[in-house]
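Letters are used for the chains, namely A, B, C, D, E and F, taken in the order the chains are written, and counting of residues starts over at 1 for each.
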Amino acid sequence: MLFPVFSSPHLPAQNNVSRVMGEVLLALLPGILCATWFFGWGVLVNIVIAATTCVAAEAAVLALRGRAVRATLADRSALLTGVLLALCLPPLAPWWIPVIGSLFAIVIAKQLYGGLGYNPFNPAMIGYVVLLISYPRELTLWIPPTGIEAQHLNLNLSQTLALIFTNSLPAETTIDALTMPTPLDATKTAFGLGQTLHEIKASPLFGHFGGVGWEWINLSFLIGGLYLLARRVISWHIPAGLLGGLFLIALVFYGSDTDAFPSPLFHLFSGAAMLGAFFIATDPVSAATTPRGRLLFGAGIGVIAYVIRTWGGYPDGIAFGVLLMNMAAPTIDYYTKPRVFGQSK
Amino acid sequence: MSEPSYSSIARDGLWTNNPGLVQLLGLCPLLAVTATAINGLGLGLATVLTLVASNVTISLIRHLVRPEVRIPVFVLVIASVVTMIELSMNAYFHELYNILGIFIPLIVTNCAIIGRAEAFASKHSPGRACVDGLTMGLGFTFVLVILGGLRELVGQGTLLAQAHLMFGEAARTWTIMVIEDYRGFLLAILPPGAFMGLGLLIALKNIIDARLQRRAQQVMAAQPAPAAA
Amino acid sequence: MGKAPHHLHRFHGGLHLPANKTLSSGSPIRALPIPARLVIPLSQHIGTAADVMVKVGEPVLRGQMIARAQGYVSVPIHASSSGTVVDITDHLIPHPSGLSAPCIIIETDGKDTAVDDTLSADHTQLDPSELRNRIRQAGIVGLGGAGFPSFIKLNPGTNRPIATLLINGAECEPYISCDDRLMRERAADVIGGAAILKHALNATECVIAVEDNKPEAIQALRDAIAQRSVSDFAVVVIPTLYPTGGEKQLIQVVTGREVPSQGLPADVGVICHNPGTAAAVHRVFALGEPLISRIITVTGTGVREPGNVEVRVGTPMADVIAACGGYTDRAQRLLMGGPMMGFAVGNDATPVIKTTNCLLVAGGNELPLPQAPLPCIRCGACVDVCPAKLLPQQLYWYAHAKDFDKVQDYSLFDCIECGCCAYVCPSHLPLVQYYRFAKTEIWNQEREREKADIARQRHEYRLFRLEREKDERAARLQQKQAALKTAKGETTAEDPKKAAIQAALERAKAKKASAGVMPKNTDNLTEAQQQAITNADERRRNRDSSTATRSEDA
Amino acid sequence: MQELALILISTVLVNNFVLVKFLGLCPFMGVSRKLETATGMGLATTFVLTLSSVCSYLVNAYLLEPLGLGYLRTIAFILTIAVVVQFTEMVVHKTSPMLYQVLGIFLPLITTNCAVLGVALLNVQEQNGFVESAVYGFGAAVGFSLVLSLFAAIRERIAVADVPVAFRGSAISLVTAGLMSLAFMGFAGLIKV
Amino acid sequence: MLTAILALGILAALFGLLLGYTAIRFRVEGDPVANQINAILPQTQCGQCGFAGCRPYAEAIAAGEAEINQCPPGGEAGIRALADLLGRDFKPLNEEHGEHKEKMIAVIDEQVCIGCTLCIQACPVDAILGAAKHMHTVIEAECTGCELCVPPCPVDCIDMVPLHQDVSTWKWPSPDEVATARK
Amino acid sequence: MNSRQILVTALFLFLFAAIGTALVAFTFDNTHERIAANEREALLRNLHVLIPPDTHDNDIFNDITKVTNPESLGTTEPATVYRARKQGWPVAAVLTTVAPDGYNGAIKLLVGIKLDGTLAGVRVVSHRETPGLGDFIDAQRSDWILGFTGRSLKDPILKKWGVKRDGGEFDQFTGATITPRAVVKAVKKALLYFEHNSQRLFASESTRTAVPAASSVQPVESAHE
């Protein structure tokens, strides 16, 4: 009798890429819901636009290259890229912002390198940074979160859509009235004007330990992140490195002058810290892959983010931190090979 | 060493062995000054001049040079030529000179020039060296202008902006606003856009080459058929 | 017994796999009938193949040595039953390549007559070197894994004293239960064999490590030890975790020490043997029986009556399966070994050999064919499970890129091919096959490099020789010309070279087959090469009468 | 001291010679196929760049400036650099074959690395003193070596990726360099001068 | 203007002195690169690269007079190794020089050989044995498969046969090749 | 033998250097005047935008003074003030001042002020504001900066000299308040400074004595600041 021949192991593998991506999408849900609560429909609209564009772009490139379209889309990674990119964008950004970002993320940052698994840089972050650099205006137009009564304007779904797609504001509002800086931006601006932390804290933007709304959004991403850890979708090294690095350096400076530097807690619960730590920096493809390397990778992002937040030209530095460490990841991997079993210590 | 034909030298410089797209030499000016097409043209022409002059000179003295001072001598020749061009440019195209900035003196170390001196001029007759310098330079300029145009178009939606810097006041009107009310795509003008733009150009060349080759093969395949019939 | 409970250690990574052992472990070991034909490969162990001692047509007896060891790392092969040698030829052997190799084929006579016993002895009366010698003569190789000649492992050298003889009863692979049944039913044999091995090694203790999913075996071993009332034997119960049975992992679990990379267990004072090996050693000294049979697990849903059987070495797999009730309708794949480490066998005419521990006939979707792989997403799941603490994703990356320097930088040769990485890989990459590909490719390159070095030397020597000859010829020519000047002869316009050849051919015709010509190109000849010339001349002399096939080995 | 540190940060990160200032690109593209060679090139460049930065400073301060020959700067500098490189190469070749193995083939390439001349000219433009010139040259070289090594490590990875055919080779490398330069834009504004 | 000429001229002259001196003081002979290249070449000595053997080809590469893709026996792996060593781009094998083939060895049909020694003279590695008018034979282990002995044989008795593959020289196939083969 | 070889090498290099230098020096002699003129013209062109040539008859390129006032002019370096006069009477001055608190650092400005305290115009000389966001202050990108022309400390009143978000009169740009805030502040300070010091500014001696010396012609000029 004759039998087919394949290499061992012969037991069927237990995991698959599609499931991994699905878990990450699931874990994003609390954060998405929370962001929608604070920032309105725009969040969801962004997600829909970005995710659709990402998937369509991926399908187009695959078709162009004559690769299997359906099978590849099933890995859900393009979808995830779209969602993550959308979560970084201001909720009322015009529609072409997520579109351009997604195209860049998928076509240039991912498919030019051969698609899933080969991209050296985090596609979503490339998309975001390209937008930030090319359209800084659109990318700084954040609206005040629910909870800041003074300025809050509750746009309903159709108003949101009108604003995003046709750039038409509801009557009697101006775009200036609608927008307001994010806590990180405001802090940076205020320090630039020579205000002390104490004065800054008095602003209505600030909540319990971070910015109003932002602290809860970060908290819900943290919950999603813990779920991923529990499901062993991600390892603890990168989040620990990132949050640890950010916390420690913030602590050092906060300790040196509590009035000139925001507290570590503020840093951990502002901007993209939690989203970055658990969902973005952990993108396995572009991160370091050795355990020690991952710790270093995360810590690097934390430190760079702090430096850029504090002294740099941008309000948040997570995205740049991720890209810069992506750049260093192959080198980090090279120099952090673990000690192999039986090799001298 | 046998002397290559003039046409093959020209083909090399303009396409097959283009310094900007294939040899990847002279990248610094290529990327740095190509925010607009006119800038590219200016630097390109300066480079052509330098290449021709240095190639011819080096070819003339190629039998005199001792190995241990070969590089210093080549560099001296090139540097003299460049400085003369630089001074003249500063005198006659001052604004363009200001924009091209540090990259004019840096033509001296433009690897394409010393590369040609080493690889070609020091081994061939002045005539051929001249043609080589000219075509290599033109090939380089061609890439500079295309890349500049591309970045200008994507970045700010115009073409030939600031043409007056080179062609005088009359050229002010040459600027073409290709897309009205274009929001601009800053990335294209910033450093990352320069790298990516050149990357795309090279990919484009690869695609064209592949097409040409396929066509050539088809022709080859088609030819024996009538012969057999 | 009675010792303080052993303090256990952990190794990095590992997997909890579905065991699937009850399929075969329920029933006692059955002895299989002797098959009509035995196909006995000459290479069933690591090292040089054995050298045939019998001729076609010669009758043989059970236990008779039919091929002798060749070189140091080699053991003899014995006839597994009595009968007649009917052929010595290439036949399919169990090997992942699916290639054939020289085998001795015996038609059995069913009498199973044994050869005279020269092996049995009271081991306590023999010194270690004699023990090793007998173990070698009995053709004992490791029955747990690679089939390494056991006598070599028993000779670790004086600079490496052995403290512990470790009997590897982990049997961590799913499906396999032959060691389990062996330890349950023949615990005394195992302990007896271990005592011989321990004696040969002069070890201070013997530890028998068994996974905690084999309570009966543990009890049986403890009873056997109690019966022999030896104090320096201990049964250690270890947690079930794949691949604890890997020698290096087991040593770490039991002793906490790591076998150095590229090193041997003896470097940390341990020698590790499979219980089957121990039992086989016991039979050598107790019964005078060389290694001609072994216990095999036949399992999987593709076979009707799974179980453990005692099989003669050389029995075709088809016969083994047939004796176990034959294939079920669902039979899809045939593996030799377990699902993690074993390899697929394409044809069941392949014989069972000394290292065959399991025949797994997978049915239906039991072991589905691999899914199409996706690119590695560098998730690091493989890193978490790799017991060798390697970076499987990097090894994959560079093996895929055929960058063989880099894979070695990443310690490819420390990979034990356990398959844990591939099992957890979400991209379904055939990782282990990449590693095997890289390993064999590297070995091949090394061989080629050696050959190239030789070729270079020979080429350089040739250039040197030609140069020298040219000088000599020039000198001679000068003399000749000087001579010519004095006596002028007629010249032809013909090409002198052609003329020379013509002349040579004519001369050849004239003095055909005559001896006494000084051979050329004979500098630097080795004995073998000289032999080759002689052989060639010999053949030539026999040319006219010869009708024999041209043999390839000169 | 703090000023020197700022010069270092500025040259290495904020105004990285390769990714921000566009200098030294040819070796950046040409010698970055393997991490080992890239490291070798980085070492060689660091040595030569620092040395020639100092030498050019001396030539400028003690020869050109006093004689009012500013317009001969380019010629004088490039001559100095070429000689420094040639000299280093010959000395290394003879005295340390080992080092030559590592650095040798890169040394001649350095003459034509425009970062070297760029540093010399920028030193004059920024009116750097002796120590500052040395630090500036060193910083520029470190920045160059840093991105060169990182780039090489990434290229080793991309070499195996399933890149579309038209982009294989230098095209995808340039795109990668572009993305690196994008990442480096994060440092913009870090040092406000 | 004169100051300028003198200043720079003297500077250059000083540099010239320095370089002239170092050139003599630190002169080095030999080319280590050629050795490294030669170590990569397969030493088949077949001459398909257009040179008289591997070493001359190595020297030509080192001198920049030959491309790295001219050695068919070295195949793609060889070209890659050369590209790595020299920091050049990989190029596919130049088909003008032949194709990469499976490794073969020469076998002399001893029934036909007339012992003319022409093959001995052709063999670059002295892998053919025999005396004039004696039977000739090929030392299997040392034959590089260069095929140079085939054309000179006046009676056409040399065959190139593929190397016998056995279990010990068997190589696991790369899964990539398996995958493409299956397609 | 050896030393001769060395000498030959040296001579060879000398010759080449000499020939090369001679050619360059020759070119320089023929161009340096024109280059100096070019540089002067470039600066003049900028000044003339603020103070048209027909409003004055002196050589403003050379009629300058340097003042140092970090508080009002935003820089610790001496700042150049160009002075325009007609028939000897002061007409206007152009202050080179710095807005130190731009989003990405200092913004260098030319502020032209007529004698009566109204603005002749403001131009940005160099800045590092974010392209696409803060760079609208550049006259090439938008007309915003032209809005200063004709303003004075009374128009609007001092309290209204700020961006709209701060209750002032000047437009800011959505998403970029810092840049205009900095510029407006710097212009206001320059006006205040001029109000208090105009007498003194016109009284002092010119500090420029002659055309620039040959050696200060910089072959290197940074293209983008």
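Here are some notes:
FYI, contacts are C-beta pairs under 8 Å (C-beta built on N, C-alpha and C of every residue); 3 or more make two chains touch, one makes a residue touch a chain.
For clarity, every value in this text was computed on a predicted model and none was experimentally measured.
Annotation of chain B and chain E: jointly contacted by D, F, touch as defined at the top. A count of C-beta contacts for the chain pairs A-C and A-F puts A-C on top. Put simply, the chain farthest from chain D by mean CA position is C.
Work out the mean CA point of chain D and of chain F, and you get 32 Å between them.
Once the centre of each chain is set as its mean CA position, chain A and chain E turn out to be 53 Å apart. The mean-CA centres of chain C and chain E are about 35 angstrom from one another, to the nearest whole unit. If each chain is reduced to the centroid of its CA atoms, chain C and chain D end up 55 Å from each other. Of all residues in chain C, those that touch two or more other chains are 96, 375, 400, 430, 433, 436.
Residue numbers of chain E whose C-beta contacts span two or more other chains: 4, 7-8, 11-12, 15-16, 19-20, 22-23, 172, 175. For chain D, the set of residues that touch two or more other chains comprises 30, 69, 71-75, 79, 83, 86, 90, 121-122, 125, 157, 162, 167, 169, 172, 175, 179, 182, 185, 188-189. Contact between chains, as defined at the top, is found for A-B, A-C, A-D, A-F, B-D, B-E, B-F, C-D, C-E, D-E, D-F, E-F.
Residues 157, 159-160, 162 of chain D are the ones touching chain C in the complex. Of all the residues in chain D, the ones that touch chain E in their complex are 30-31, 33-34, 37, 59, 63-64, 67, 69, 72, 75-76, 79-80, 83, 86-87, 90-91, 93-95, 97, 101, 105, 169. Interface residues of chain E facing chain D in the complex, by the touch rule stated above, are 3-4, 7-8, 11-12, 15, 18-19, 22-23, 25-28, 32-33, 84, 87, 89. On the chain D side of its complex with chain A, the touching residues are 35, 149-150, 153-154, 156-158, 161-164, 167, 172, 175-176, 179-180, 182-190.
Residues of chain A touching chain D in their complex: 65, 108-109, 111-115, 118, 120-121, 126, 129-130, 133, 304, 307-308, 311-314, 317, 319-321, 323-324, 326-328, 330-331, 334.
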